[in-house]
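Can you keep this structure in mind? I'll have questions shortly.
Should a chain be cited, it is by its letter among A, B, C and D, assigned in written order, with residues numbered from 1 in that chain.
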Amino acid sequence: MDDCFQIGGREFSSRLFIGTGKYPADGLIPDVCEASGAQVITVALRRVDFASETDNVMKHIPENMVLLPNTSGARNAEEAVRIARLARAAGCGDWIKIEVISDQRYLLPDNLETTKATEILAAEGFHVFPYMNPDLMDARRMVDAGAAAVMPLGAPIGTNRGIRTREMIRILIDEISLPIIVDAGIGKPSQACEAMEMGAAACLVNTAIASSSDPVSMGRAFGRAVDAGRAAYLAGLGSTRKEASASSPLTGFLGQGRA
Amino acid sequence: MDDCFQIGGREFSSRLFIGTGKYPADGLIPDVCEASGAQVITVALRRVDFASETDNVMKHIPENMVLLPNTSGARNAEEAVRIARLARAAGCGDWIKIEVISDQRYLLPDNLETTKATEILAAEGFHVFPYMNPDLMDARRMVDAGAAAVMPLGAPIGTNRGIRTREMIRILIDEISLPIIVDAGIGKPSQACEAMEMGAAACLVNTAIASSSDPVSMGRAFGRAVDAGRAAYLAGLGSTRKEASASSPLTGFLGQGRA
Amino acid sequence: MDDCFQIGGREFSSRLFIGTGKYPADGLIPDVCEASGAQVITVALRRVDFASETDNVMKHIPENMVLLPNTSGARNAEEAVRIARLARAAGCGDWIKIEVISDQRYLLPDNLETTKATEILAAEGFHVFPYMNPDLMDARRMVDAGAAAVMPLGAPIGTNRGIRTREMIRILIDEISLPIIVDAGIGKPSQACEAMEMGAAACLVNTAIASSSDPVSMGRAFGRAVDAGRAAYLAGLGSTRKEASASSPLTGFLGQGRA
Amino acid sequence: MDDCFQIGGREFSSRLFIGTGKYPADGLIPDVCEASGAQVITVALRRVDFASETDNVMKHIPENMVLLPNTSGARNAEEAVRIARLARAAGCGDWIKIEVISDQRYLLPDNLETTKATEILAAEGFHVFPYMNPDLMDARRMVDAGAAAVMPLGAPIGTNRGIRTREMIRILIDEISLPIIVDAGIGKPSQACEAMEMGAAACLVNTAIASSSDPVSMGRAFGRAVDAGRAAYLAGLGSTRKEASASSPLTGFLGQGRA
């Protein structure tokens, strides 16, 4: 299938993005990368201890992965901007996922501050991936601010609750010209599959893989589910019916006619 | 993954069953078989014109597929039994899917007549796969009647409505020792994936593949989705939370402490 | 509103049926009857100690309520029939709700045995209300057996899970000429309201009222919700739209024209 | 029930707000007010032709209703502020519902502009009711701006799609100290009832009542459903269970012991 996915100046065959948090051991990360087929991986800059040789999540990330550093820990645009600049200066590349969160219970993003950070960083040449609460007007502002994609949440981070914001994500997919990458809340492969069937460009899944009792198998499962959902979207899903439709004409059998 | 699926005296690596109805051209069937990875295919005996060289769906079914003839068109146990015997006599093997349907609007199965046919045919050495409305007591009767598996519907045939009977299918999976194969109503790969995540042993999908504008791609998508759902079930899905859970400890960044 | 409900040879203005189980004190029952407006109340015959002056739930049931004795505790048709006859002989009238349950975990009804008991008791002049797993073919058999209504479950007894069997209840309402009374599983007034909006003839609610910390207020709430759902069904519910529809013409304001 | 609802400096017994748009004839409005029990009614200022004696929706609004003028038609904060001031100058009182909408397909609100208008008008002494896309951070900003309540949408205006934003509305109810009034998208009484069961302070319903073939009956239905949901919320809803719970102890009947 020639269904390449271009984003942030690069091209990918996989539409699953994964993360680096919550693994029982960071040494699992390379196997998850391989099993899932993911080509993009996000990492919280605050977790990176560049000075450490041993306790550094970066050394577990395979070379062929594209790094999507995130600004987790930032509580406003200014902090997000500082983290992004530090990331680039430290050699983490020019992709940045903006997370601006000041709510500690639901970890919900602050769209307004996120948009501000997006505008500043896009102007500095970053490929900016804003994490957001799905809101059409804010998504339009992020487009105007120069975002590379929009990353609406399905449900609060780490909840495994699935795509609870389905209605608004459907509208974003309809109305926004940038790729829509569903991020946060996806707890099962079927949910990632559904996001892709709806027309999302990609999904980011971390908790559901990393917290699984078998992260490598779960990573593989998510990789296949995302592929399946994308292929179904491209092939075209059928409409639903209220009444049944026989799989074959209801002609009789054994010589009997039928109504 | 060593996750073989044993049923009806055989062993399979794929847990997707497909059908032969509704294809725009029966010549697509071999490619769908290959793309989907399915190893079992159902065919309505009434559609088979054994006398015809040219208009015979059987000639499109690859040799390596296991045939699951069905009794579509039967309106009671007696008719189903006759169709099953004819199928075996015609060389279609000893697997039989019982469909007994007298309702023409929703094509809902008649569990009572289905159980009767199951008992008769199991006693004659068939591997019997009864299609049923999910009902715990009837499923138990089918177990007692000697069924090889139980095939509850997700929604009426051909409706693409998904797993609307989720509550009862969950209970069947919990309570019935035979494999539960979700049949009918599955319209999207994400729905087949969900059935597998719930612990179904397999899924049968026909309309959603055959009616797609690209049946081969859609078959491939369903194959992957079923694999993904099974792998996730085996790896163990996480529980859901009402509040968020950070992907990394909420330690501060840039020298700031955090609550 | 002249929307009388005729069933079992009687006429009612309320479409809420209530129960007598699980109350913290049976003395609450009269107040719940009054607050809810219910006119029909079900009682498990096995709970009735006709010999006792003091520990007898019957003495808490107001005189103006129509009694719907149920056969809770019966594990097959024969036991249900015996209980029904005892109830009539004891002066409990000629209404009987058939509950035949042999499954102890989910308390799911046995449609086959229920239908048998329905046929016997209807022939003896009872007004028979069979509790059932929603299944179209079994509902038709209950119609043929002479039932006065059909009582499909929304979810297992006492689970408060709501109308999980929505798909099949919708079909029963469509296809069955008898009143459909949704019984079991309803945990919130909004769910009873929805059942009525779908076209159910009535709802039976016990656990959600009796287990509430304020059964009288909760009974009142269910009474209103059932009324509301019925009135909405009669007035005709609007269809849903995918795109918005302004509440007033999008003519401009302040002299500005609008697209 | 002494469950008064205080908001905007007034006290109400009804928690249903209604609208004035889309009625087949504005002359129905008084009867809908009475049947529904609503005490608050919203009106689009742009629809009001104060100069007209005959074509003026205002003359159909009963005197005892509290008027909630809205800024429908405003595309930014400035326009909303102008409309609000005109409304007050015209004698419409000091309540104002802020609607700032520049999206013509889904009519989704612009939270940022809405917050700006809220701040300005609250400072001028208005009781401000901002209509919003449910977003926790924006709701907090509206609290800080001096709003009297927060009005998150359930689904786009006029769609009858129900509470599709359930996840975020639940969080707003949890986290925001102001009354949460669910506005837009509610298409059935059961949905209004559910919003109240979740803990919403009130609901605003227009399309579903005004577009009904019997607006008066539908208004009455919504009034009862809102009452029912509120009463259930106060009485305390039970939790759900996966397995059944018998309505009476599973003691035997007819002399049989039971497991």
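The definition used in the following text is that a contact is a pair of C-beta atoms (placed from the backbone, for glycine too) under 8 Å apart; a residue touches a chain by one contact, two chains touch by 3 or more.
Chain-to-protein mapping (UniProt): A, B, C, D = Thiazole synthase.
Not measured: the values here are computed from a predicted model.
Over half of the residue numbers at the interface between copies chain C (Thiazole synthase) and chain D (Thiazole synthase) are found on both sides, making the touching surfaces mostly the same. The centroid of the Cα atoms in chain B (Thiazole synthase) and the matching centroid in chain C (Thiazole synthase) are 34 Å apart. Centroids of chain B (Thiazole synthase) and chain D (Thiazole synthase) (each the mean of its C-alpha atoms) stand 45 Å apart. Along chain D (Thiazole synthase), residues 105-106, 108, 156, 161 each make contact with two or more other chains. Taken as a contact graph, the chains are arranged in a single closed ring, with each chain touching exactly two others.
Of all residues in chain D (Thiazole synthase), only 102-103, 105-106, 108-112, 133, 135-138, 141, 155-156, 161, 164-168, 171, 175 touch chain A (Thiazole synthase) in the complex they form.
Chain A (Thiazole synthase) makes touch with chain B (Thiazole synthase) in their complex at residues 1, 19, 21-22, 44-47, 72-74, 79, 82-83, 104-108, 156-161, 187-191, 193-194, 197, 206-208, 210-215, 217-218, 220-225, 227-229, 231-232, 234-248, 250-254, 258-259.
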